[in-house]
Amino acid sequence: MATDFYNIDSALSEEERAVRDTVRAFVDEKVLPIIGDCYIEGRFPKELIPEMAELGMFGANLPEEYGCAGLNNVSYGLIMQELERGDSGVRSFASVQGALVMYPIYAFGSEEQKRHYLPKMASGEIIGCFGLTEPDYGSNPSGMITTAREQKDGSWVINGAKMWITNGSTAQVAIIWAKTGDDKSDKSIRGFIVPTDTPGFSGKDQKGKLSLRASDTSELVLQDVKLPATALLPKSGGIRSPLMCLTQARYGISWGAMGAAMACYEEALDYAGNRVMFGKPIGGFQIQQQRLAEMLTELVKGQLLALHLGRLKDAGTFTPQQVSLAKRNNVSIATDIAREARRLLGANGILAEYSSMRHMANLESVYTYEGTHDIHTLILGQAVTGLSAFEG
Amino acid sequence: MKIAVCVKRVPDMDVRFKIGGDGTSLDEAGLKFDINDFDAWAVEAALQLKEKAGAGEVTVISLGPDVVQETIRKALSMGADKGVHLKADRVPFDGFTIAKALAEELKAGAYDLVLFGKISPDSSNGVVGPMVAELMGVPCVTAISSLEIANGRGTAKRELEGAQEMVEFSLPVVLTVDEGLNTARYPSLKGIMAAKKKPLESKPAQLAEPQVKVRKLELPPDRKAGRIVGEGAAAVPELVRLLQTEAKVL
Amino acid sequence: MANIFAFVETRGTDIRKVGLEAVTAARMLADGSGGGEVHALLLGPPGIAAKAPQAAQHGADVVIVVEHAGLANYNAEVAASTTADRIKSGGYRAAIFSTTAQGRDVAPRVAARLGVSIVTDVLSFEVEGDAIVVRHPVNIGKVIATLAISATPAVLAMRPNVISPAENPKAGKVENAQPSVDPGATRVKVTETRVGGAGKLDLAEAPVVIAGGRGLKAAENFKLVEDLADAFGNAAVGATRAVTDDGWRPHSDQIGQTGRLVSPELYIAVGISGAVQHLAGMRTSKTIVAVNKDKDAPIFKIADYGIVGDVFEIVPALTAAIREAKKGH
């Protein structure tokens, strides 16, 4: 690929390349031919779910004993990269399923919950969504107002509303985060596995999106949703638990954004070589060469960053702050690369036939979700100064 | 049913090739390699036969340097059971020397079915499958685009120029696979993990002195730049005039 | 001086054009190595013997005729063993086949039986001392290999259409022979041959090929391409992989890396963007014409002549113009 300017392939193991090649072929043959139309129609391509599951893309870095592929984190990152080379919506689907639903069940669930849910989620039989963000609590999830009240018999009743929930209207289960007991601090936050057909649970799609159009985004309402004691993720406790999930997802996003950037850079490079203006390919003009050189440079840096972060994660030594840096940087540069690619494509760049504008619009969501760019800036600020800018 | 599939590692053809300094080999820098498409379809055919029968064993064989083990593992990750690597410093152009080395290995394996892709795009010669069949003394059907096997007999369709042949054959048999027989599955991520644990035996290939040697490789001359005659149906008369007077093909 | 063997491809009781190309090639090789004889082998059902003079007309000194009722269909085992036996007993310097479905099937088997190598898809050849040196495309034609064949006999299969059948009348002494094995007793049997359309020209042999791609939008629109082929009268219809994958045309019509390789006098690409895999199958065509709506389509980079625009408007106009031009002849 023209995008592997630094021969990063040589830093991947045979197995990692094989994983990447499988997902790459899947995206080339199954996603790219339909995704432009899905985007215009504003629908998530559900028909892809069975094959994505069959190939093992959901929760691929979780252990084989739970029906998952048992891959390392670099392989997992490469899956996200390739999926987002197709579309951020398709990658988001896999991120939510794997990092935000399967991961918390794996990390905070009982053995029984793991055995029940994980194989069915790996096989795509059960689709999940992740309910943390609320209408009034986005960047500050600790302030959430959704509550779960424990009943005398040990069962739970949940009330609240969640927003910007990917897969919300299609999911069979939702991981809902809620405050428990009378404690209003974020220490009381715990996670629950909520079947979406439970009375009182409703989800409806948020309309009018100009970004992530090939992805379902929903609003969830929980009104007196009664759950058995077994719905609680027993090992979850405090805001730290959902943030651990977000760290997993953000890790994948730092790879995924590079996939979108690769698609845009390649499209721009190809276009620059073929589009003739003033008697020569536009790639022969300095202004486009500068665009391409800048795009390529940032792309390579972002790829190396994602790869090194993956190696740290596999070694078990990575920190959430390192993930913040990678998410912040890679999504930001991917957004810039997509915009530059769109501009290089001239008028053609606004068509769905090309991918750059779709990626550009998608990446604005990715820039904003899973910790906005600005929040990650403050996380890094706090990490290096020791001073928190979040509170008064 | 014991099935063997012979596979070759080939470069991706979607590049501008460069000739190496010796003038007789390719400069492999920057080339991406993968299993030959036809061979992947042969692997798929073997896996489907095994799955349909609910029993059997699929062995994948490849000749070449150590890197071909990667190609074997790809077939293992698709679902083949074991691999045999016939180690050689390089893959000779001469299909006959390759066929002899493979036939030795295949004869020892007592396979019911031996599958090949009908041709590989790199050497573009397409002779190894039928040569192996002759050396093994078993029947052979080349370039099949459909396949049924039941009770020790098989039927297949061959695509000819402007015609199709339906053939019947007995086992054991050597078959070479054409496009259209199936669509090869992607190796699943679990399959990739499982492949690492499957047996892969490596042993030296017995390669005879080749009777065909590459003397020179060169890039074909570029076609001279063409021209756009015009736009729309209005350009048709000018095109016909050029075909008559310049290209002289009318 | 050395004798050269030619395998003359037949279908039914007819010699195919590639068969005459093989005889012509053998004649060139015999004359190029000091003027040996050309021995041509004709295998087929009763009636094929009557075609022996055609081989003689193109330069065969001897025509070996194997006529058998069991050879109405191509029989690989009979063809391979009969041909190999004849070559063994004839002491030839070289044996010429054709790179067709039949030639690709029989030639390697014969070579293996003789214990020698083979080169298929040969573009040209010359004798150089003890070696026969041939040019052969590798890497889907993106690289041309010059190969030295040291084996005797040198077995080569010519690419169709690179040598035109040339008349060079020779005695053509007929020798009748029997198949080496009983056609009724072979392990592989052809139970049926379905010929696609009576009198349909084969892609590899047709002097003109009209190929259609996705730009035709639907299977039924291939009518446009067929009409154009019909206007030429000597054209065959081909297709891209995308089109055969979608089932608009049979796989046997596919031109490209994984399909057929063609090198006609004139190749017209209709609604074909020019993917690498397609170009691999037709880049050696002598004259290439492309009709496509996208002026940046890669096909225009290798086309000699291009028209940009709507194929549904241009192709019928071209069909009419070709009919008109043909009338004038």
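Think of it as A, B and C in the order they're written, each chain with its own count starting at 1.
Following the convention adopted for this analysis, a residue touches a chain if its C-beta (ideal position, glycine included) is under 8 Å from a C-beta of that chain, and two chains touch if they have at least 3 such contacts.
Predicted, not measured: the structure shown is a model, and the values here were computed from it.
If each chain is drawn as a node and touching chains are joined, the picture has every node linked to every other. Chain centres defined as mean CA positions place B nearest to the mean of all protein CA atoms. Subunit C has its Cα centroid 21 Å from the Cα centroid of subunit B.
A straight line joining the Cα centres of subunit A and subunit B is 39 Å long. The distance from the centre of subunit A to the centre of subunit C, with each centre set as the mean of the Cα atoms, comes to 54 Å. Contacts from subunit C toward subunit A in the complex involve residues 296, 298. Considering their complex, residues 14-15, 18-19, 21-22, 25-26, 54-57, 60, 64, 69-71, 75, 79 of subunit A touch subunit B.
Those residues of subunit B lying in contact with subunit A across their complex are 34, 70, 73-74, 77, 186-190, 192-193, 196. On subunit A, the positions that touch subunit C within their shared complex are 274-276. Residue ranges of subunit B in contact with subunit C, taken from their complex: 11, 13-14, 16-17, 19, 26, 37-38, 93-97, 99, 118, 121-135, 139-143, 145, 155, 158-170, 173, 178-180, 210-220, 223-233, 235-237, 239-240, 242-244, 247, 249-250.
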